[in-house]
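Naming follows writing order (A, B, C and D), and every chain is counted from residue 1.
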Amino acid sequence: MPDVDTQRMPRGVRRSSPRQFLLWILPWCALLAFGLYGAGLCLVKGLNQTNMDNRFAFGLWIFLDLTVIALGAGAFFTGFLLYIFKKNELKAVINSAVVIGFICYSGAVAALLVDVGQPLRFWFTFWHPNVHSMLTEVTFCISCYLTVLFIEYIPILLKNRKMRQVPSFLVFEFELHKLMPVLAGVGTFLSFFHQGSLGGLYGVLRARPFAFREGFAIWPSTFFLFILSAAAAGPAFILLTTWLVSKISRKPLVRPEVLPLLGRISGILLLAYILLKAIDTLVWINSTSPARGFAAHQFYAWKPFGAWILFVEIVAFGLLPALILLRRRLRQSTPWLVSAAGLVCLGIATNRFVLTIQTLALPTLPFDRFLTYLPSWQETATFLAVAAYGVLVYSLSFRYLTLFPQEKDLSC
Amino acid sequence: MGFTRRDLLRFSGGSAAGLLLTPVPWTLLHDTAVLTENWPGVPRPRHGEIATRYTTCTLCAAGCGVRARCVEGQPVSLAGVAGHPGSRGALCPAGLAGHHLTFCRGRATEPLAKGKPVGIDHALASVSAAIAECGSGESVAILDARPGRAASLVYRRFLAGLPKAVHCAPPDAQPYGGFGIDLENTRAILSFGARVLDGWLSPGRVLANRSCFQLIQAEAAYSRTASLADVWVPLPPGGEETFAAAVARALQGDDADAQAAHVARILLHNQPAIAIGGGAAAARINQILGSVGRPGGFLPRRDFMPATNIAALPDHSIRVLLIEEPAANDSLPWDVVARKLAQNPMVVALTPWLDGCAQHADYVIPAPVYLESLDEAPTPEGCTVAGFSLSPALLPTPPKLMAPAEFILRLAHDPSAYSEILKQRVAAIKKEARGTIFTYADAKSTRVADFASADDLWKAMLGGAAWFDDPIRSSRTESLPRAGWSNPPAVPSPEYPLVLISADSPPPHGSPLMSKLYRESGLRRSAIAAAVHPETGRAHGLADGGRAIVKIPGDSFTAQVIFDAAVMPGVIQSAGRASSPASIRRA
Amino acid sequence: MNTTSSRPGTKPARYGMAVDLDRCTGCGACMIACAVENNVAPAGPDATPRTGITWMRVYQISNGAPFPDSRAAFVPILCQQCGKDTPCAAVCPQEAVEVDPATGIVDQMPQRCLGCRYCMTACPYHARYFNWWDPRWPPGMEKTLNPDVAPRMRGVVEKCNFCHGRLHAARDRAAAAGRRELLPGEYVPACVEACPAGAMVFGDLDDAASEVARLARDGHSFRILERLGTEPKIYYRTARPWVRQAATQQRKETANA
Amino acid sequence: MFQEHRGQILFLGGALAALVAGWGGFPAVLFQREPQPVAFSHKIHAEKAGAKCDDCHFLRADGTFTGIPTLDKCSGCHAQPMGTTAEEKRFMDRYVTRNREIPWQVYTRQPENVYFSHVFHIKLAHLDCRQCHGRQGQSDALGPARVNRISAYSGSPQFQNMDACENCHRQRGAANSCLACHK
């Protein structure tokens, strides 16, 4: 009965008919179910269900986690700009950003729980933490930040028409709202840290010269590069999703100046990141790697990961979109803007890929071989499950919650 | 008003909150994590009194001394016996895991007739009947896995009572006849495909002397030994005779090709030198080198019990064949045996395994494996003096199993048990009062004469000891037996353009842990691997690591291709396969 | 890490190993002895060289020359017990890895391990192994397990710890004789004991008189990936230049091209 | 009255129910009580047989610890009934005459991955048995052993958990690296 359904929707916005919506989510549900089956196999039968091995101890999932969390960074960074830098134009996307952040982080954590060999021991990390380990830092920050995102998600949830009928919820939501800036601050702090420690994860591998980087204090340079790159990718991803959603739902969601603004923010940060990344790479090629007995060019002697991947990561997916996003004229044209944002996201993915997969593929023992790895269907299924989960949560949120406050005014 | 849904929510909300203040969630969290330490699938080792026991390895002819660490009597690990004159305190990988053999799959657990279980007496009766039916010109044969044991004497005694009978041995059972190799003084070894550094004699003895001799490995395969030898002479498959002749010419100063001359020079400059493994070829070279009967060469010893090489028997001559299958390390070339069988023969397999000669046998008499029953180790292969040691059982003998010697004794209606035969052997040693006894536990050597009685000697040997004869001062210089058989040259043809050769055959039976070497590390190539030179491979459209079908006359098998630039072009190197012409194509 | 002090009255040791590559014939006795001693399960049906568990793994290296000039050598690789900035110990999120100050041995605690495999990515020697399957022995073979070593469970990382069970047993024997100190040779890992070529020597590197310390100083001795600066405690020696080169110098060519 | 606070009351009721169940019922359910197969009195053996601890629980020459003695130790004295109690008679024909080992429930069974060296604590650290085993040596009856139904580990009070070990080791400056006590 559509009327009941519409009662649950935000006022003054039009949504597709229940039938259409059902048709839209059904395939995603199927995908989710399939993925959960694969993940279940890994949990019950063990990680022999994957194609990982003693040399490729990390695989698709870690790549997924790193990428997804980088893309989810939009949540904290937009919040940071909105609440702390008072960039009020961003109010238009903050809700969407929070939901995306929540999806990305919860998805990543779920994948991580499947990835470990002994999920029942997950709490050991909190009970017997090794404070020297980047992974400890990651675990702590991510779990804390996920909680923050959850709390940030609640008020959006409570704004739902049906929910508002419960008086106590109204009060609760009002109180939470006063809390938002604080949460944004905390979230930002946490995010800076775990985005960084995710980078540190590989930068500290002193015995893996391809990944190892010198740094400041206990943090390798990748620590800071990850923060910056995530901050750059976050807005780009929000830009991308917002555009995508308005295309799919065939509705204007935000005022025309919002997306270019996101693009500009992303562009500035990206340029800064690329410059630092370039410097870091040069330092690594000329000092860090040789000092440990590895001539950097060796790493690129192994097919298929030639030097081209370096070019793609830094120039094609880095410098190029940065320049596009920084040109006002190009920013104003949606095609340029969106494709640039796309390139940014691809760049981040490439960077995370290189750090996880290529690092493990390269031999360290002089008499060892370059190795390849293809994820098993169970791994891929779990990967897709996270994607499907994301789409579903977002679709539902978009249908029943106010993700884009400006939509109402724009639609009438 | 009744109990509404909202009430239920409130109540459960309250209990949820309350539960957090109880030990329940935290205890569950903790205990489920602890559960992962000992959940089903994690076995619990047995604990208890730890004891050291001693025995002698019978897996191959090397007869290495073994120290076993036992928990509650169950051996949990094996090690060499320091100072053991034959094995120098070393064991090979198979020996180190010998106590696992009893758990291997494919064991014969009860007497079988044509695959059906039968009583042992029924088996005895029908075998006796078959022997009685033997016509003229048809013989009864016992294939003795390791001639020269007390068990062999049992066989000979039984066969002596029959009109036409032959005590035979596998083709390569007695490569050096009544001679031992004075390895300690050898300066150069020309080996025709012998696995000198990979299971020849006893690993301890060979490796202890490795730095003292030059090793020239002449074989087609890039084997473990070839890859480590001082010189590798890659012969064309089956080219042993030709090369040996060339070396012989060079040794006598006649002209020969550069390689033969080079080898000859090494042999001449590193005297005393010996040649091994090439059958007749090696024998000729040894004659020229005069390496028979001199220190550093082949020295005669007292206890030689010649057994007929089964390959030398006339074809279709055996009516009843009793095969004693080797325990683990070397398998029997069945095609050689099959040729010797007469019309409707009876084959009796005295074996622990179902997948070996048992497949071809009418009757299978299940035999115990190493450590399952009291056994004996005769003179170690290549030992320059006679030797003997007992291999006391460390494991209970499974029911229905019967040592081959026992079976023959029963067949001969001899009431005495195998153990008594062994006891008689020890008594004989005591009687002759020659040589010394090396006791494993204290690594001491005692003259046999110093033992009070045969009983003392028996007890000492049951506790782990080895007897070694005194060297003999005879100047016998008759040439070596031409035992050992080099593969007939495998000639490529248009249909079979390549040659399949064997390298480092894996033992047919071994501990499950052998997977560490063959499957989990790639240190050794498994039987399904086929190594070819990259050029040969590409010429036949193969890809490195891909699968391929290897065809040989009358057979074909799929293998995993390995490109190895060290392999001879035109050759397929696959573990555990007889040399033959072959073709290969992508699967 | 909570390793504060060693036992009172005992001076800490720095156990290490010297491997003579010119003696090793790659027979694999060390690998078998290791698996037997440390209750490593046989391969599951689908195990490969990349998923198998071999605390001690012998690699075959070649002089690179094609037929007929090829030569082979064998390099046993076990946990190199890195003594400085131990890569695996630093990264473990829950203190399942630590360096014992009393022995210098890098401890791995499978019962504490989460199975995140971060340590495996950190180890340049690939000397750490993950239990991809439940450990399975053929029926009855559990009886042959060594009571001094706890079997591991699926989903955890394990590695060589210099046969720590043997260290415990040696300490017990010493204590029964009223000693805290171990005498040289009282404690030897299974691989060293099993090597038929006598290619491996084990002992306290800090004891200048010990054979292993002497060999470590030997001119022919080197360590693999020494320039990573992790101070491994396994020394290799060879008089053959090509072996040393193949074991220490990164290859230039693209082997898989 | 009830109606206006209905919500709070229900909430508190739920909380109370949970607390009772969690603190009262749960531990009883979690632990399985395993009675000992034989009513053995350390006290009587100490008095009558004048037995010291290490008469029955002793160290082997290689430093390993025998733990609970095997049946032959018992039948050493109990070849014929020493007393007239029905309990002893039961014990005699159940185990001694049938020569069946006694399936004792061990209070202090350590997890498989624990290496506890009695010889170290006795010979080198000079600990007294009581320091870990309390007054077990004077006890007149053996209480049931408590086994955790989930983890299958001993839940008996005598069971030493890792914290107890660690504290003592820390105080005495003894080794406390993982593999010092684990295997």
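Some notes on this structure:
To be clear about the criterion, a residue touches a chain if its C-beta (ideal position, glycine included) is under 8 Å from a C-beta of that chain, and two chains touch if they have at least 3 such contacts.
Fair warning: this is a prediction, and the values are worked out from it, not measured in the lab.
Between B-C and A-B, more contacting C-beta pairs join the chains of B-C.
Nearest to the common centre of all protein CA atoms is the CA centroid of chain C.
Chain B and chain C have Cα centroids separated by 29 Å. With centres defined as mean CA coordinates, chain D is found 52 Å away from chain A. Note: centroid distance chain A to chain B, computed from Cα atoms, is 60 Å. Separating the CA-averaged centres of chain C and chain D is a span of 37 Å. Multi-chain contact residues, meaning those touching two or more other chains, occur in chain D at positions 60, 62, 64, 111-113. With touch defined as above, residues shared between interfaces to two or more other chains in chain B number as follows: 32, 35-37, 42, 44-45, 50. The residues of chain A that reach two or more other chains are 118, 121, 124, listed in rising order. Chain pairs that touch, as defined above: A-B, A-C, B-C, B-D, C-D.
Chain A meets chain B in the complex at residues 118, 120-121, 123-124.
Residues 46-48, 52-58, 115-118, 121-122, 124-125, 127-130, 132-136, 139, 201, 204-209, 291-295, 298, 301-303, 359-360, 364-371 of chain A are the ones that touch chain C when the two sit in their complex.
By the touch criterion stated above, chain C contacts chain A in their complex at residues 1, 44, 46, 48, 50-52, 59, 61, 75, 77, 82, 85, 87, 90-95, 112-118, 120-126, 128-134, 153-157, 224-230, 246-257.
Considering their complex, residues 29, 32-33, 35-36 of chain B touch chain A.
Residues 59-64, 111-113, 115, 117, 119-120, 123-124, 166, 170, 172-180, 182-183 of chain D touch chain C in their complex.
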